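Paired with chain B in one complex and with chain C in the other, chain A is shared by the two complexes that follow.
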Partner chain A sequence: MDLNIIIQPIDGPREEEKISIQKVRMAIKLGFEVVALNVIVDGQQMEGKNLKIPEPPVIKLGDFEMAEVKVAGKTFQVKSRLTCVVSDTNQCHHLTRSPLAKKYDILAVQPMNEKIFQHVCGNMEVDIICLDLASRLPFTLKREQVGQASTRGMFFEIQYAPCLKDRIARRNTISNSRILTQLTNKVNIIISSGSSQVMDLRSCFDAANLGLLFDLPENKCKEAVWSNCKKVLSQAVSRKLPGKGVLFMGGASQLQPSDQWLLKACKMPTTGQEVVSSEKKSTVSITSDCSIVTKQKKKKIRLS
Partner chain B sequence: MVRVKQRYFLVEIIPSVSQRPLLGELHSSVNERSILRSVRESVEEIHGDFGVGATQAGFTIKMFNSKTSVFVLRVRRGPHVLVASALSFVRKIGIMSLTLKTLHLSGTIRSCLKFLQQYDRQQLIHVLRHHQLSQDQKEKIHESMLKSEQKISGETELREEY
Partner chain C sequence: MSRRRGKVCKQRKLNIRTLTLEYKRSKRKVINEYNYMDVTLDFGEELGYRGIPVDSSMFVNIIENSLKLLFGEVGASIVFDVVKYREKNRRAILRFYERDLVKLWSSLTMCSEVGGKVCAFRVNKVSQSMADESLRYFQ
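And then the complex of A and B:
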């Protein structure tokens, strides 16, 4: 999974579309299953009345691409993601209120100073916190704030595209991400490309290998590329819903023996291909929901 | 006598968009020597002299196919981690700008080639879709695929070579 393919309106809409289609094609070729197209919005665009958040990008895939996906026996999804560079609590307020921002699948925030970082970690409901790791961080990260964000289910992003070219950017990325991995105890981290060019994309396997440079052990590298991204997506779904719950459906035969009481409790017929739904109504918080969901998923994977 | 443990990387070369041939060979400047040199350079770029020194023993290209643009790289077990992280920093081989995609990592060359066979079949289906074939040609392709399967399962030629 790659949750960060940057799309910018550079040379008119047509040129932009051409480049983004090229990127999506490359992503298919590299074997990605989920890709998020990232639109970056500057903080100044969100001040006052002149709120300028563009519509989420839509890409139509031709038969050629879909054929390639089918041959590999996979599915392919394109999500949209909004990244806001914020330096003011006012801008955060505008962002949470904006109806256009809610159209995006994933919401990410890039805080520019310590005060706003504290606000984002403690109060805002976003999925990803991304920091500009390729240059020196404008503030020092504190364990309290980072821990607060990770208990609330937010994920920190490491982008590898800037460090492929530039030596100084590479040094900064490695040192900053090592600080980040230390503070988050090597969980709640996702690795994504952040690529503005087609050739900066790397396959999942290579991205996981790059995690070794960022002081992540091998299993955490894989989590950072696959399972953590899934968590981000499921949380993004739960954030949008008014009831704040996520529902997963599965066959009755897939239930573990310890969960068989659910069938009786719900008065579900056990024979045939009936589907059991186990809804977890969240009265607690979103994060607890997501953890339940992922636990269920893990159980299913083990079973299969 | 304990066997020396190795790791084999199966890597695909993906040329940049402007230089991509739909079907056909890579540029002649991409050969086994130039691939090895550029991988070693990128190891030096990321891990310095230590990286080059640690990976140098037994660091070879065991197979290179310029038509399907795939190669197999052998490294000793242990320092293969250094190579794995450095492979994605390769941006140029010879005069071609390209990226590398790691397909498979295994302990024996045999399992690498098994995987490659499966992978090539997948690719072949995709390529054949874009060409109108007569019934005759289809049969020929089918026959040759069957033959290749026998070859690999019999392990006759492959063992001799490696």
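And then the complex of A and C:
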């Protein structure tokens, strides 16, 4: 999985689409199953009420591309990702409020100050924190903040594309990522390309092997490329879902035959008492009017 | 005839049973020192980029340079051989010691320029024995 293929705004939408299709085709050829197209937004675009966040990129894959996927017997998905370069708490506030940012599948934040980094680790709900590892970090990372972020389920990103060309960038990425792996106890780390050109893409096994340079053990390298990216996607879906529980009220006679087990599970307790049934982990409470209240996590029950 | 057939079948069954009894699971005791890697040098000619012709000696030189860039003099001292090379495809089989796998592979992925042209090494296969490599690409 590669969750960072950068799409730069080039003049002319046709050229932009052409290049992005080239990148996706190359990703299919190299054996990726999930690819995320990344749109980077500066801090200046986030100021004020008028946000300049572009709409998520859409790519129409032709039959030629999908034929290659079908031959390998795999599935292929293209996700969208928004990365915001943030240097102020106001910008974070605007980002969480904006409806356009919710259209993207994955949300990532690149903090520039120590204050903002602390705010992001403690309060914000994002999937990925990406730091600019190719240059010297503007602040020192602390174990408390990094640990707080990892317990909240955020992932740190290591990009390998900037270290392909420049020698100084390579030196910085290796040293910075070694610090990062030490602080996070070698968990909650993603390795992704961050490539703006087509030829900067490498296959997933190459990326996993590069993890050994960043001081990760062999099993964690594979996790950083495959399973951790899956966790990011699943977390991004759960972040979008609105509620944690749903309540419905209705009479006992209105129950559907599929939900009749609720009456048996209750065994007619006294009024106002709560019973937790073991079958589906749902709480059932009976009120004085003999109406049944069911509560299930992330599942809607409709009583007609 | 029917009796005969029955006898034959019994004999066959017996044979099969004896065969299964004789079968033993064996383990390879000889440990290979070497690993083999199937590599192509890709200039992105399908995407419209231009490449340059590369000899076998130049191919070795590119890998040595990339090793030296990433790991310094220690990396330059890594021993590897080019077993087969096809100039048309720029595809080669490399042989190297098992302990140098990570260093060689990572230096190959880090290589991104040859003679001012953009390029990338694609690793097709890594294996412990020469028999696993498919040689039909080199005919």
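As a working rule, the second predicted complex is superposed on the first by the 243 of 304 C-alpha atoms of A that agree within 3 Å, B and C clash if a C-alpha of one lies under 4 Å from a C-alpha of the other, contacts with A are read in each partner's own complex, and residues count from 1 in each chain.
Heads up, the rule we're going with is that a residue touches a chain if its C-beta (ideal position, glycine included) is under 8 Å from a C-beta of that chain, and two chains touch if they have at least 3 such contacts.
Everything numeric here is computed off the predicted structure, so don't read it as measured data.
Asks: Sharing chain A, do chain B and chain C clash or fit in the superposition?
Replies: clash
Asks: For A:L213, is the partner it touches chain B (first), chain C (second), both, or none of the two (neither)?
Replies: Both partners, chain B and chain C.
Asks: In the superposed arrangement, which partner chain does A:M199 touch: chain B (first), chain C (second), both, or neither?
Replies: The answer is both, since A:M199 touches chain B and chain C.
Asks: Would you sort A:M112 into first (chain B), second (chain C), both or neither based on which partner it touches?
Replies: Touch partners of A:M112: none, neither chain B nor chain C.
Asks: Scan A:L164 for contacts with chain B and chain C and give back first, second, both or neither.
Replies: both
Asks: Do chain B and chain C land on any of the same chain A residues, and which?
Replies: 22, 26, 30, 164, 198-199, 201-203, 205-207, 209-210, 212-213
Asks: Where on chain C is chain A touching in the complex?
Replies: Going through chain C, the ones touching chain A are 44, 47, 49, 69-70, 102, 105-106, 109-110, 112-113, 118-120, 122-123.
Asks: Give every residue of chain A touching chain B within the complex, in rising order.
Replies: So the residues of chain A touching chain B come out as 22, 26, 29-31, 67-68, 71-72, 160, 164, 198-199, 201-203, 205-207, 209-210, 212-213.
Asks: Mind listing the chain A positions that touch chain C in their complex?
Replies: Touch list, chain A to chain C: 22, 26, 30, 163-165, 167, 170, 197-203, 205-207, 209-210, 212-213.
Asks: Which part of chain B faces chain A closely enough to touch in the complex?
Replies: Within the complex, chain B contacts chain A at residues 14, 16-17, 46, 81, 84-85, 87-89, 91, 97, 99-103, 122, 125-126, 129.
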